[in-house]
Amino acid sequence: MRNDHRENNRLRPITIEKNYISHPEGSVLITVGNTKVICNASIEERVPPFMRGQGKGWIAAEYSMLPRATAERNIRESSKGKVSGRTMEIQRLIGRALRSVVDLDKFGERTVWVDCDVIQADGGTRTASITGAFVAVVLAFGQLLEKKKIKQMPVKEFLAATSVGILADDTAILDLNYEEDSGANVDMNIVMTGSGEFVEIQGTGEEATFTVDQLKTMLMLASEGLEQIFEIQKATIGDLASRVGETIR
Amino acid sequence: MRNDHRENNRLRPITIEKNYISHPEGSVLITVGNTKVICNASIEERVPPFMRGQGKGWIAAEYSMLPRATAERNIRESSKGKVSGRTMEIQRLIGRALRSVVDLDKFGERTVWVDCDVIQADGGTRTASITGAFVAVVLAFGQLLEKKKIKQMPVKEFLAATSVGILADDTAILDLNYEEDSGANVDMNIVMTGSGEFVEIQGTGEEATFTVDQLKTMLMLASEGLEQIFEIQKATIGDLASRVGETIR
Amino acid sequence: MRNDHRENNRLRPITIEKNYISHPEGSVLITVGNTKVICNASIEERVPPFMRGQGKGWIAAEYSMLPRATAERNIRESSKGKVSGRTMEIQRLIGRALRSVVDLDKFGERTVWVDCDVIQADGGTRTASITGAFVAVVLAFGQLLEKKKIKQMPVKEFLAATSVGILADDTAILDLNYEEDSGANVDMNIVMTGSGEFVEIQGTGEEATFTVDQLKTMLMLASEGLEQIFEIQKATIGDLASRVGETIR
Amino acid sequence: MRNDHRENNRLRPITIEKNYISHPEGSVLITVGNTKVICNASIEERVPPFMRGQGKGWIAAEYSMLPRATAERNIRESSKGKVSGRTMEIQRLIGRALRSVVDLDKFGERTVWVDCDVIQADGGTRTASITGAFVAVVLAFGQLLEKKKIKQMPVKEFLAATSVGILADDTAILDLNYEEDSGANVDMNIVMTGSGEFVEIQGTGEEATFTVDQLKTMLMLASEGLEQIFEIQKATIGDLASRVGETIR
Amino acid sequence: MRNDHRENNRLRPITIEKNYISHPEGSVLITVGNTKVICNASIEERVPPFMRGQGKGWIAAEYSMLPRATAERNIRESSKGKVSGRTMEIQRLIGRALRSVVDLDKFGERTVWVDCDVIQADGGTRTASITGAFVAVVLAFGQLLEKKKIKQMPVKEFLAATSVGILADDTAILDLNYEEDSGANVDMNIVMTGSGEFVEIQGTGEEATFTVDQLKTMLMLASEGLEQIFEIQKATIGDLASRVGETIR
Amino acid sequence: MRNDHRENNRLRPITIEKNYISHPEGSVLITVGNTKVICNASIEERVPPFMRGQGKGWIAAEYSMLPRATAERNIRESSKGKVSGRTMEIQRLIGRALRSVVDLDKFGERTVWVDCDVIQADGGTRTASITGAFVAVVLAFGQLLEKKKIKQMPVKEFLAATSVGILADDTAILDLNYEEDSGANVDMNIVMTGSGEFVEIQGTGEEATFTVDQLKTMLMLASEGLEQIFEIQKATIGDLASRVGETIR
């Protein structure tokens, strides 16, 4: 039995609250069990220097945790004067994943800034960030559509992420909470599209290894979980859901 | 008439949601009009080096804004690698104000870390932070009392803050929102105790000046507003309210 | 009796030595008791990016202490690689205060850089900096007038600052030296114009509070002291004194 | 046909030069095609603060590139004053991978510092670093064995890494050089043990996605390549190869 | 004729004002022509970590310029967040030079912090700093002698510095001012002991070279100038001058 | 007898391997005894801001050591986030020395970036860097000549560097290795042109001094050693050697 009485293939309860913060073009509060992340998508009317003059847009992501999102208070990265390796790794992942399902040619020379701020953490903050950020980005593009600044929804496919892992007793489990994650032998984050293709697989055996069969089991578990998450995203987005993919149809 | 139809001596609606985040010893979400700040108080079982061995505690505060708390997205201070002068000024003010109403001798060699994270900004973020942080600190001490780690509530008095200002047409107003603050000739932040004494007065005429009479008017307006805020704090804190001041009675 | 045998309403001896350093457009060494600050005003023929194209000027201030300006040697901020919160707070105050009495529209797209470098500290370094910097700025504008680069003195009013405080025995005193400042319950810095209006009031009860009556007493003491300081500034500036205010007459 | 005329399942030529630099306890120059990395392993007689007093060792890795390892000169990270996200991601990966095959309980409170410095880059620098670093670490432990500071080789298994990818025309290829990597739809780094288990899988579709079948093909290609790399490592290490795994036999 | 009408072998007027700042154990203001440097020597009752437990002292130097010490205002190094290469080079030189004439075994585990702050610059700031710092250090040791914390003056010899150079027309000149320094082909700084031995020679041909004969001429000029500087140092130090060298007599 | 059995006036064996790294326009590996430095010269098609619009080129140098180039591992400067004073001093020296023998007017608005990366250190790394960097720069200009981007070799003269020193027993020696350097009383670096003129002399008595006669002996030793080094440079450069100086003939 898992520490929170879930079955091995069961997700934690997920809610996505739309328009959580008033200023951003797209904003959600995503809750996955006890993990809570504010995901804001901001439209900036220009692209970074390396993208200028190509007529294309860009998506950049930043990730941070409030100092007391965790059981022990962490020192603020702005006080330390530098961003940790873990933070950089996560924000690079979020940006890359979002760019894989957005047609950068379809929203002009604009940058979508995605800010994922974890206000409460209980494992799976990076996957919750991707799942929530996807919705925020769709909402932001929705606002551009409404203002007639773009003609088509540049998002090609749905995108969500979850984690799977293998415990010390070889059980494979879905959607690890913090305590499970700390004790697991293997931890794998899967980012997938609505059509069931992989965008990113990051599997790590910290002081452990895993076999091809274990890999297959984990991928299966993730697929099942992600299908449920896509339904929650669709319900949140409402009418805009039908416009996802219109540029590639 | 003010831009949000308030009377000159009227506060914006204020709510304080208790136990907002689960990990911190004390946590609130304070809402003042459209300004929203998460105030967390964390107990650390040691003091900073300069305080060691004195048998006393310390209170330190940090303040930050989410990048899109504002109408325009701000660059994250952790990305810039340094904290701005404005942030430093505010967090020094919050810490100083809280220390003025807490008996540092009464909670052992512990640090109370106060984190004020603005998730949505519409003027008055520093005064909302002080008002909310006070409640978070009382809640954190409440937890120490419950765990019998301390015997008396070390908080001596209630503490809250608000802003007052003078518009270009010489009108004095209470609790400025962002638009009012941007246009005001004079901006003054007042931190006051429940017994009506000043802890901090910071009055600034940016490219303007003010007279003694204007100062008196502003102090009066602030006093009236703060009395209402103390009531809201008391209602939030509940039974713990009666323990405030017990070390000095 | 005060530790240096002054009456409670007595300033320390103040001297302002004109043209102290040869390169700056305006330069003074101000001495207030044992506090000594070199105040240099430099004219730069452009404004910061956020001001460009508006046809207006800007005034920016920086403040620093020599490592051994104090009884204990301080680590140099350039060695630490960052400027402390205290320094930032002070330099923001100096800049804001000077801008409040200068007509930014009257000296073209120029920046006046004000550098206040404390070479010996005994309390009141920020107020001495403001008082001295005002003179340095007038001298710098004097040089622009002489070179016919501007036609009128852009300074609208005299400006000076001093401190007042309340000791543990409730005595209110004027112009605190370092030892007094360390022991005071309340410390207040007042920046005032030659016409007796406030530019900035910063009153702080570090681990203490103060009443409205105490506030009134302190403001009175400050006013009396500042009138004497304005006389010293006028004597230093000489003929240029009569040109202050010409843009608003 | 590939741009360097290799078959799709063919590695580039690999050489590992032992004892390349004289000071480190373990040192190799690994060459994979035109990619050249100096991998040094240094033994430090203490562990980082978070590991102290546990009687265990630690392995930490750092990765860097000479400015002109690449076709365009890169700005030195020491000049920029901060380490890039890419560098952090890679050095975290190298350290984690090495720790997964080393028994940290078997070499006392020592740190093995692994420095991977790329002197010439043509794709695959992170996988070459892992492959080379493994040999350097074995050599460093070999020196501890020789000096009788430890009794058994703490390395449990062989470890190596390579990359696989999918080109725009859907071809799956092994061991991508820089030009191939830049044009590929999918890029995957595989770290594997000598017994054929995975330590790390990092597959990324930058602006693209991949299916389960493509994943299987890539894993197969990687396995075949890695078997050849293990042989090269064994030949380099010589007699020490037989001691790998002695703590778990 | 030189730009300030000096003969080629003539020093600029030099004055050394003793006890310039009140807090430091040793303090002087040295003036060399229009170059003015405050040199403070502070005694700290401990040594840096790398020196601990050896029963020896240490001398460390820091050098800085006020932003407007120069004709153009320089950005403050604390604002830039890092110390320039030029500053580091100079402070390393000052420290090394002072340590060469002080017996580090003779003043216990103490650090002498030497701060050279240039308040007005007209060439030769590093040599003026060394000359002035030497006096400040002797004064600081004088205070330790007076307080009976040490028994002998740890300074073994007098120490001073000056510059020599070669102009575009091949003339060799002594003690270059800023304008001469900017135009010179060769610039050489010489640090010498009172007994005429070299401590440091740094000769540089920026986009130029020099011969052995030119070197000899420059060394001769420097020697003559330094003899005059030693006399000025002795006159400033007074009675303490006779104690210099007592540990090696 | 010296610790490596050399005569006092004998250089260590020197080899210069041409075209060591493939990407840079000029690249060598220089070996001086056990000191090994990769010197790369990169051509950038623009100059730094302070040089723009003058039609001239620039040469900038950077110097670094691998962490385990030395007997003890050093912390990487990129990890510390700042470049040490020693590194800055060395890279300023290398750049200045190279600029003294190159006609900056003869290669257009280009920057030659010189990177000296020490992979193994045994004393004399800065002089080896200069000697090797000179060859790399000539090779880089050789490539510009071949591509007809410039018409004449902008290098006016050969340039090399070596060290001399005085041991505790007053022996003067040439080309100090690390152990000798650590024990020497005086350490002097000499940079000289092929025509026997000095570019830079840096002589330092760390806690010691030296006489004029000792200076003469050291300069003589250096001259003899440098003549041999020029021959090695010429042999490495081959046909390009005859083009050095063509702009001044």
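Note that the chains are named A, B, C, D, E and F in the order they appear, and that numbering of residues resets to 1 at the start of each chain.
In this text, contacts are C-beta pairs under 8 Å (C-beta built on N, C-alpha and C of every residue); 3 or more make two chains touch, one makes a residue touch a chain.
Computed from a prediction, not measured in an experiment: that's the story for all the values here.
Looking at chain E and chain F, no chain is in contact with each of them. Shared contact partners of chain D and chain E are F.
On a Cα centroid basis, the chain most remote from chain C in this structure is D.
Separating the centre of chain A from that of chain C, both taken as means of CA atoms, is a distance of 52 Å.
Centre to centre, using the average C-alpha position, chain A and chain D are separated by 29 Å. Shown for chain E are the residues that touch two or more other chains, namely 81-83. Traversing the ring of touching chains from chain E and stepping first to chain F, the chains occur in the order E, F, D, A, B, C.
For chain C in complex with chain E, the residues that touch the partner chain are 21-24, 27, 34, 38, 40, 42, 44, 62, 64, 66-71, 73, 76-83, 87, 113, 115, 117, 119-120.
Remark: chain F residues 82-86, 88-89, 91-92, 96, 99-100, 104, 157, 188, 193, 196-212, 215, 219 touch chain E in the complex.
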